[in-house]
Amino acid sequence: MADTVEPTSVARQPLQSYAVQMRGVTKRFPGVLAIDRADLLLAQGEVLALLGENGAGKSTLMNCLAGLYRPDEGEIYLRGEQVHLSSPRDAIVRGLGMVHQHFMLAETLTVAENIILGLQGARPVLQLGQVRTRVHELSERYGLKVDPDARIWQISVGEQQRVEILKLLYRGAEVLILDEPTAVLTPQEAADLSRTLRQMVSEGKSVIFITHKLDEVMEFADRVTVLRAGRVISTLPIGQTTKAELARLMVGRDVLFRLEKHPHEPGDVALEAEELRTQNDKGLPALRGVSFAIRKGEILGIAGVAGNGQRELAEVITGLRPAAGGRVRVYGRDVTGKSPLDLIHEGVSHIPGDRIGMGMVPNLPVSDNLGMKAYRTPPLSRGVLLDGQALRAFARRLVEAFNITTPSTETAARLLSGGNQQKMVLAREISAGRGMIVAVYPTRGLDVGATEAVRKMLLEQRDQGAAVLLISEDLDELCQLSDRVATLFEGEIMGIVRPEESCAEEMGLMMAGERLSTVRGDGIPAVAAEETR
Amino acid sequence: MGEAFVASLIARTIAVSTSLLLATLGEIYTERAGILNLGVEGIMMMGAATGFAASYHLGSAWLGLLAAIVVGMLLALVHAFLSITMRAEQVVSGLALTTFGIGLATFMGLRLGPNGQALIGEQAAAFQPLVLPGLSKIPLLGPSLFGQSVLTYLLYLLIPLLWFFLYRTQPGLHLRAVGEKPQAADAMGVSVARVRYFYTVLGGGLMGMAGAYLSLSYLKGWQLNITGGQGWIAIALVIFAAWDPLRAVLGALLFGGIGAAGFSLQSTGTAIPSNLLNMMPYILTIIVLVLITWRESVSKRVGSPSALGLPYVREEKR
Amino acid sequence: MILRFEKRLVRSRAAVALVPVASFVLALLFGALILLMFGIDPLTAYAGMARGALGSSYALSETLAKAIPLMLTGLGCSIAFRMLFWNIGAEGQLIVGGIAASVVPLFLAERLPSGLLLPLMAVFGIVAGALWGLVPAFLKASLRVNEILTTLMMNYIAIELVTFLYTGPWRDPTGFKYSAVFPEAAWLPRLWGRMHIGVFFAIASAVLLWFLLTRTRLGYEIRVIGENPRAARYAGISIPRNIVLVMLLSGGLAGLAGMAEVSAIMHRLGDGLAAGYGYTAIVVAWLAYLNPWGVLFVAFLMAALLVGGAALKSTMGLPAAVAEILQGAILFFVLGSSVFANYRLRRVRRDIGAQAGSSPAVEPGAGVPDSGAEGASHG
């Protein structure tokens, strides 16, 4: 297990033969070091996988390469020549392009029109006939079937991705970067994509694809670079590594327990999900039959790389998203499909992942924010009237109880630090709920002190009998706080384990697509295994 | 009633529709880029006033037309600057433009005449109807279609050009992309701001031209409230036309036709109240808007440019 | 060296206070320039306007009289805008309010005790305006139809309707563009010149709005929706329901303004009801930062501008349009300078090299850039 960049045979070859070389690339955002002296090599005619968890820095690193971000330090070489890319257009002119997770397509325009949008040196009058021919050519050659005259809103997501790829090929891209390409594809489409990549590579093009799925890495890539916490951990040829090793590299250390967690006998089942199914914003399935039960006084953590259905899970449970199938139960009562207001009345608290965009109103005072769930009932309001004084008193009480640092309850919420904003959200949610908490990425973006405080609060609630669903991208956090951890992958639970009985490698494998039963080789399906505890 | 009535109705419809269509086309191009310009009425008024005043003092209708177009472009430039660079609220900016434009136009109309008096009732070089020989001999349609002003003929030529430009050229493609998904255009290297500036200003020019038509061709004179709300109607027409130049022609003929019909009917003494008739286009527009929006939510289709009215800010993470 | 606008995280207090004042001054200068171009002495003109609007008791009463409909419609617009509902239809709502109010004296006067006329007119006016505003509200709430366009269309329909009525079936046989004069019992009492008790309606409405916004649940919900619709939904607040409620209120206020106009000023339904108050109201509400007391104040200023302009016509033979030019100019400058409240001008250096551009300072509450959206794999 190597923790530093290993010199491989590839690295010793002369510079020019590499399609891409990144040396010592560093990128900082306010308050965070996203990429730390990363080195990356991409040979010509190869497929390189970029593997890592959330926050590892994969997209950021590729954005630096593709001209979207400017690195603070380090150099980038394309075919041996140093480049300073100031925009994506700069990059594509040099033959390098990226297909993002969120497609950049104009829906009312046709496929052909999107492909030639912004084309340098194009004639004023659209030569659609020529475009069609060339698109057809590229389609055939690379197995990217599209109808040039179809409008984007008419075609499937998989086809849209092909259009994005064609956009790059049309402009003669030699290096293509794909960000989580199979996230939106059916298995059949993924197989087609694999063929496309093979064809491209056989012609000398080079591909980097970002992923967190081990299966993909083993199947599609020639080599894999593993990122963790902004640093390149290792680069290995596929033939010389295993899924287990990659999982270990990806997740890293063995989890340490630091916070005092009282052993606790959980009570009755408070919050239950049964075969939950739902779709994401694009109409694709986000949850494919998720089941779990959380008891009073228990924290169930949900692990997994962002984008596997976590957000949708939280939204279904809190009424913000309709369920396409399955049930949600609160103390045995079926609450599936009820409105957010109903769920609030049922006593389900929601600490949203998008703190500023959803969890608070930045321009309103702290007191208004604190009252957002409780304002409908006495003593904060009587009938149609809202009692401002009662609201302020209520706010003062919460500020004290939860130790929120703010000049006054009337300060605008946006002026608080991130940590205090989150405390404010927690204060509101915990006080308004009835023992069921859905917490989504609760410590994201917080400094050390605030993170500790938030974690402490969640544990306290658990000790007092709350049922907590904790969705987090921080495996450490999940293992410290949760009594049990379920891993979500592509909308399904791969397995539920107790943190103290599992290890990093196991979790890493589950996060990357392996079922617990397969990992442990005992053939018992994950849910059944969990029930026997 | 009879042939003469129908012929004069058609002629009047086309005449009335000309300015309406010009203004509508100007707004279509502006909105296609994603900018909402509610100042059409103000720009048209200024176009009418400037055009007439220029023609009066310089003795040439063409110079008047030119002045009107330039003024229209300048006014639109102010709106573009406020909306794009200053990221101000487009609705308010457009309304400010309307107020300002109407005010200044009225002012000019009352002070730029002989000896600093009003231009009302004055005569200036204008565009006289140009009867096209041969074509105007076609029965029924001939005299109506081809006995119009030179500006109307210009419009006949402009329409197919504008259509072609929008759907069959690279710049037209960029325009459509910017209004629909500025991020996509930006990612492909198209300068969103530049496109928006260009078409807002171009739109203003067309609106100015529309105003000039009223004072230099239709009325051949200046009066207060010469545009009579046509600028506002144009904004409605844009929706009715679903932001398409050809449908705009239909819409303008329809709206113009209804207005012309009302006038003609009044003069024949028939009892259909013109005001009730005038309501129809607006009611129709609301219905069209509802249908478009409803279809949009169902099938994501032909509708308003998605980025209309929203300032575009590139993700600042560099 | 490139100048670029960078969004501030904290709205600059200084800018918010200075902007209106600076804009007003700049607008006056700009207006002065235009006047000079036409050979008019700006100082005389401005003095004439000030005198005409505020210089005598007659002037003041005229200004107040004009301010009343602006206050009412301005208040209506302000509450709609607070919820991000762009009500451009105050003009139409005012007009139908006037129409409905006119029904009482024109057709029901004989059958009603005279004391009941005015209250009934007010009720009719409010209800009509509210219903006129309900149509676009309903369309937005249920089908998400763009309210800017629907409210605008409703204006034209209202204008055509009223024109039809006072030149057609409701036309006074002796006139051409007016209905018959209302019986005196239907005249809203004037207090001072043409200024009438409608001013109390306006003040009462401002109080009502202030109360609504600060002391009721509805007001709270309006504030939340206007500042962050996503959070509102998350908190279980029903946006469609609130759209309808607010627009009933907004339309009702405009309708009341219409009633006041026909009843106190015109004493009949006729040409002159559609005077553009509805559009000016938008400007008023916006300039007042949507604050109820601000609306009263700005409405008064706007009215002064308009009356002053009208006075110029009679005293100096200048077109009243000067007022509109100034009004537009004030708006332009306010729009142009308000950007500084929300954005900061930064110099960005374009280095040839791997150095990054401007590094945004860390502001309180900024924390770490939160990508928020889960789909974009943050890393």
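Think of it as A, B and C in the order they're written, each chain with its own count starting at 1.
Quick note on the criterion: a contact is a pair of C-beta atoms (placed from the backbone, for glycine too) under 8 Å apart; a residue touches a chain by one contact, two chains touch by 3 or more.
This is a predicted model, so every value here is computed, not measured.
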> By C-alpha centroids, what is the most central chain here?
Replying inline: C
> Comparing B-C against A-B, which pair counts more contacting C-beta pairs?
Replying inline: B-C
> subunit A to subunit C: how many Å between their CA centres?
Replying inline: 45
>> I'd like to verify one number: the distance from the centre of subunit A to the centre of subunit B, where each centre is the average of its C-alpha atoms, in whole angstrom.
In response: 48
> Counting in whole Å, what is the centre-to-centre distance of subunit B and subunit C, each centre being its mean C-alpha position?
Replying inline: 26
> When you check subunit C against every other chain, which residues touch at least two of them?
Replying inline: 356-357, 360, 369
> Got the subunit A residues that touch at least 2 other chains?
Replying inline: 29, 70
>> Give me the residue numbers in subunit B that touch at least two other chains, ranges are fine.
In response: 317-318
> How about subunit B: which of its residues touch subunit A in the complex?
Replying inline: 168-174, 176-177, 180-181, 183-185, 187-190, 299-303, 306, 317-318
>> For a test of understanding, state which residues of subunit A touch subunit C in their complex under the given definition.
In response: 29-32, 34, 52-60, 70-75, 84, 101-102, 179-180, 210, 212, 227, 230, 305-307, 310-311, 320, 339-341, 343-344, 350, 352-364, 368, 371-373, 375-376, 381, 384-388, 413-419, 421, 444-446
>> Which stretch or stretches of subunit C touch subunit B in the complex?
In response: 5-7, 34, 38-39, 86, 88, 139, 143-146, 148-150, 152-157, 159-161, 163-164, 167-168, 279-280, 282-283, 286, 319, 321-329, 331-332, 335-336, 338-339, 342-343, 356-357, 360, 369
> In the complex formed with subunit A, which residues of subunit C make contact?
Replying inline: 9-10, 214-220, 223-224, 227-228, 230-231, 233-236, 238, 352-357, 359-360, 362, 364-370, 372-379
> How about subunit A: which of its residues touch subunit B in the complex?
Replying inline: 29, 68-70, 87-89, 104-109, 113-114, 116-120, 122-126, 128, 153, 167
